[in-house]
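So, here come the structures, one by one.
Here come two complexes built around subunit A, the first alongside subunit B, the second alongside subunit C.
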Partner chain A sequence: MSAVWDYLFGSPAFLIFGTYTLMMIVGLGILLHLQLGVTGIGNFGVAGFWGAGLYAFGIMQVTYDVGFWPALLVATAAGGVLGLITGWVIADLDDDGVLAATLAVATIVYLAIDSEKDITGGRVGLGTIDFPFDVGKRTDLAWLAILFGVVGVLLWYARRVHRSPYGRLLIATGTNEPLARSLRKPVKRTKVGVMALTSAGMGALGGLYGPIVHFLFPTQLTVAITVSVITALVLGGQQRPLGAFVGALLTVGLFDIVIKLYVPLPKDLLEHAFPVTKQIIFGALLIFVLLFRPLGFLGRMRRERHVKGLSRV
Partner chain B sequence: MDFVAKAVIIGLTEQAPLVLAAMGMALIYNLSKVINVAFAETITLGAYFAQWVNVAFGASFYLSLAISGILAGVLSCVTYLAVFRTAERRGVGPVEVIIISLGLSVLLRYALQFVFGYEARFFETPPPRFMKLFGVGFTSFQLTAFILVVVLALLFYLFVQKTVWGRQVRALASDADLAKVSGINPLLTTLVMWFMAGAAGGLAGAFWGVGSSAKPGLGWDRFLLTLLVVLVGGARGLRGVILAGMGTGVLLSALKLEIAPLRAEIVLLVAFILVLKLRGNRFRELAKV
Partner chain C sequence: MFEAGGIWCGYEADIDVIKGLDFTVGQEVFAILGANGAGKTTLLSAIAGLLPLTSGSIRFGGKTISGVPPWRIAALGIGFVPQERGVFPDLTVLDNLRVGGLVAKHARGERIDEIMELFPALADLRNQRAGTLSGGETKMVAAGRALMQDAKLLLMDEPTAGLSPLYVENFFDRIRRIHETKGVAIIITEQNATKALEVADRAMVLSLGEAMTITDAKDLTTDQLRKGYKI
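Here is the complex of A and B:
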C-alpha cells in the first residue's frame, strides 16, 4: 500500500505543478469554448490575454507592492480591457481578419513586456510573487484547491450560459451571423461583450498563475499556451462546456502528469525529444480531429443531436 | 532627405524577402480562400533546405536557393493534397481550416527538429563586401538578395498576369464552376499555384536564413507581418501585396531609426490593426489575383 502511495505521490511538488498547468488549460479552454465553440470567434491570441493578466498582476505585486485582491482586480481588468478593444476591432472582420487581429494583440503584449524593461523586468524576469497566504507545507495544495474552485465556477457559468437566453444569442451569432443580424440581434455588441468578459476571465487566470511560477518571463507567453488550449478544446469538443476538461485530461494530463511523472524516461529524452514529440502529437491531433471528428470526443450537445444543420462545423 | 534615404535603403534591403513571402501567401489566399498558417513552416523549411544543400553538398548559395525553392514548392503541394484538399472535400468550415493549418504548422515546426536538429544551422558563404549608398552601409549580399527578390517578384507577377497558367489560376479564383466548364483542370491548376506559392515562401526563407541562420521559429516569427501585408495589400491584387510589402519594410526601418526596435514593431502592428478595423470585411470582396 505504502509502495503504491509512494509511486503515485512520491513527487508531490511535480504532481501539484502538473495539476496547476492542467487546471490552467482547462480554465482557458472553457473561456475559449465560449468564444470559439459558442460565439464562433477564433481567438488565436489566448496567450496574450492570459499574459496581460499575468504581468498586470506581477507588476502590481512586485513593482507597486499592491495587495493580492487589488492586483487580481487589475489583472482581470487588463484582460477585460484588452478583450474589449480586440472585440471592437474584430466585430466586423471575417475569420482571416480575426486570426490576424488576435495574433497581433498577443504579439503586442509579448513585445510590450519584452521592451518595457523598467516596469516588466524584460527578459531578466519579474519576481518574486508569493502566495497571498501561508499555511505551511500545504500552501501549494490550498492554492490548487482554490484553482479547482475557480475552474469549477467557470464550468458552472459556461453550462448556465448554454441554458440562458444570452447563451441562445451567442449560439445564434456563432451559428449564422447574417441571420442573427437580420433578426435584429445585437451581433456586434454581443461579440464585443463576450470578448471582454471571457478575456477578463483569461486575465484573472493569468493573475492566479503568478504565485505558482513566482518569477515571470516573456517566454512564458509563447504560442505553445494557445496551441495547448486549442488542442484540448478541439479534442474534447469545442461545442461542449466539458470539452476543454476532457481534452486537457487527454493531452496535458497524459503528457505533463502521467508520462512525465510515472513513465521512467531517460533525462536527455525528457528534456529534448519529449516536449518536441508532445507538440508534434498536438499538431497531428488538431488536424485529424477536425478532419475526421470535427465535434471532438464529446460530440454535440444532447439537445442538439436531432437538429440537422445547427452546428457550424 | 538623409533620414528618408536611410529608411528606404535599410527597409528595402532588410525586408525584401517579406515581399516574396507575402506574394506566396497571397496566391494561396486568393485562389483557395485559405489563410494557411503552415505557410510559416514553408518559409522555415526553405531556409533549412537551402542551408542543407549549401553545407552538405558544398553548393553555392544561388544553386541551393534554386533547389530550396523547388523542394519548398513540392512540400507545399504535398500539404495541399494531404491536408487542405481533404478538408475542402469534407466541407470543413473556415475557422476550422485555420485551426487545421495551425496544427500542421506546429507539426512541421517540431518534426523538422528531429530531422535537422534542435540547434540553429548556419550557411557557408564567402564573407560579403561592405558598401555605402547615400551614407547608408549595407553588404554586397544584401544588395544581391534585394535585386534577386525584385527579379523573382517580377517573374511571379508576370507569371500570374501574363501566362496561360496564370490566367487559369485567376479564372479558378474568380469562378471555379465557370473555370471547370471552360476546360480548366482545377487540380492541376491548383497544384501549380500551390507549388508557386511554396517556392516563393521557400525562397523568402532561404534569403532570411542566409542573413541570420536556419532555425525552427524563423517562419513563425515573420508569419504575422506576412499575413498582415497579405490582408492589407491583397485588396489591390499582387501589385498591392508588393507595394504593401515594400511599404511595410520602409515604414518599419523608419520607425526603428526613431524609436527602439521593439517599440517600432508595436507601432507597426497597431497601425496594421487600425487599417484592418477601418477596412473591415472588404478584403475578400476586393481581393483579385
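Here is the complex of A and C:
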C-alpha cells in the first residue's frame, strides 16, 4: 500500500503544479466554451486576457503592495475591460476578423508587458508573489482546492447558462446572427457583454495563477497558452461545458502529468524528444477529431430535454 | 397598412435589382410572383430592413420604415420568414419559438400552444434540434417563430421551395389559416404561381425588378403571368 502511495504521490510538488496547470486550462476552456462554442466568438487571444489579469495582479501586489483581494479585483477588471473593448471592436467583424483581432490583442498585451520595464519589470520579470495565506506544508494543496472550487463554479455557471433564456440568446446569436438581429435581439450588446464577462473570468484566473508561479515573465503569455486551451476544448467538445475538462485530461493530464510523472522515460528523451512528440501527437489528434468528430469527443450540445407539457414554457 | 413608393435597391451601388416599385398591401394575402432573378427575395429583404433602399420609401402602419434597423422593424410587427436559414439549428423547436417571442412570459405559453395547433407536426418535435428537421418541418418552425413575434405583417420568402407536393398543399392551407384566424397580413413570394394564386387575394407579377402587373389574384391572366416569367 505504501509503495503504491509513494508511486502515485512520490513527487507531490510536481503533481500539484501539473494539476494547477490542468485546472487553469480547464477554467480557461470553460470560459472559451461560452465564447466560441455557445456564442460563436473565435477568441484566439486567450493568453492576452489571462495575461492582463496575471500581470495586473502582479503589479498590484509587487509594485503597489496592494492586498490579495483588491489585487484580484483589479485582475478581474483588467480582463473585463480588455474584453469589453475587444468585444466592441469585433462585434461586427466576420470570423476571420475576430480571430485576427483577438490574436492582435494578445500580441499587444505581450509586447506591452515585454517592453515596459518600470511597472512590469519587462524581461527581467516581476516577483515575488506569495499565497495570501500560509497553512504550512499544505498551503499549495489548499490553493489547489480553491482552484478546484473556482473551476467548479465556472462549470456550474456554464451549465446554468445553457439552460437559461440568456443561453438561448447566446446560441441564437452564435448560430444565425442575421436572424437574431431581425428578431429584435441586441446582437452587438450580447457579444460585447459575453466577451467582457468571460474575459473578466480569464483575468481572475490569471490573478489566481500569480501565487502559483511566484514570479512573472512575459514568456508565460505566449500563444502556447491559447493553443493549449483551444486544443483541449476542440478535442473535448467546444459545445459542451465539460468539453474543456475532457480535452484537458487528454492533453495536459495525460502528457504533462501521467506520462511525465509515471512513465519511466529516459531523462534525455523527456527533455528533448518528448515536448516535440507531444506537439505532434496533439496536432494529429486535432486533425483526427476535426475529420471524424468535428464537434469533439463529447459531440454536439444537448438542448433536448423532457418537457412535461407546454404549460411549462 | 403597407405602402412602397418608388423603391429602388440592389446589392451594389450602381446595379439596382428592384427598379421603382409602387404598391400597397392591405389586410390581405399578397403574392409576389416571378421567375428566378426577378427580385422577389431582394424586395422582401429590403422590406425587412436587411437591405438599404437606394431611393423611395416604405411605410408601415403610418410610419416610414425605410432606413430603420431590422430589429425595430420587427418590433413594429413585421415578421420575416427567409427562404433559407430561417431557424436557429442548435436550438430545439421549442427554443426557436421562444426566441421569436416578444410577448410576455405568461402569454408566450399560450402563443406556443396556438402555433402547435396551427402546425400539429411540431408538437411531437418540440424537443428536437431544429437543425435535424426536414425541409418542410424547418419551414413550419420558421413560420411559427415569425408568428411568435405577434406579427401584423408576415413576409414569407418562397416558403414552399424544395418541399414535397404533399407539404406544399398543406403549407398553403396553413398560410390561409394564419391569415384568416390570426388576422395577419401576408406578403408571400412564390415561383409556384398556381398554388400561390389559390391563397392570395391580390398578386404582383415581378420581372427583372419591375412590376408587370398588380391585380386581384382571380383576375390574373395567363398572358400577364407569361410576361412576368418571360416564357
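As a convention for this text, the second predicted complex is superposed on the first by the 301 of 313 C-alpha atoms of A that agree within 3 Å, B and C clash if a C-alpha of one lies under 4 Å from a C-alpha of the other, contacts with A are read in each partner's own complex, and residues count from 1 in each chain.
Quick note on the criterion: a residue touches a chain if its C-beta (ideal position, glycine included) is under 8 Å from a C-beta of that chain, and two chains touch if they have at least 3 such contacts.
Remember, it's a predicted structure, so these values are computed and weren't measured experimentally.
In the overlay built on the shared chain, the residue A:270 is in contact with neither subunit B nor subunit C.
Judged by the number of subunit A residues each one touches, B leads among subunit B and subunit C. When both complexes are overlaid on chain A, the residue A:180 reaches subunit C alone and has no touch with subunit B. Judged by the touch definition given at the top, the superposed model places A:81 against neither subunit B nor subunit C.
Contacts of A:165 after superposition: subunit C is touched, whereas subunit B is not reached.
Of the two partner chains placed by superposition, A:142 touches none, neither subunit B nor subunit C. In the superposition on chain A, A:99 makes contact with subunit B only, not with subunit C. Once the two complexes are laid over each other on the shared chain, residue contacts for A:285 go to subunit B alone; subunit C is not touched.
312-313 are the residues of subunit A that lie in the contact sets of both subunit B and subunit C, per the superposition on chain A.
Those residues of subunit A lying in contact with subunit C across their complex are 165, 168-169, 171-172, 174-176, 178-186, 239, 300-301, 303-307, 310-313. Across the complex, subunit C meets subunit A through its residues 48-50, 70-75, 80, 82, 85-92, 94-95, 98-100, 102, 108-109, 112-113, 116, 126-129, 145, 149. Of all residues in subunit B, only 29, 35, 37, 83, 86-87, 90, 92-96, 98-100, 102-111, 113-114, 118, 220, 224, 227-228, 231, 260, 262-263, 265-266, 269-270, 272-273, 276-277, 280-281, 283-284 touch subunit A in the complex they form. Here subunit A touches subunit B in the complex through residues 36, 40, 42, 44, 88-89, 92-97, 99-101, 103-105, 107-108, 111-112, 114-115, 223, 227, 230-231, 234, 272-273, 276-277, 279-280, 282-287, 290-291, 294, 312-313, going by the rule given at the top.
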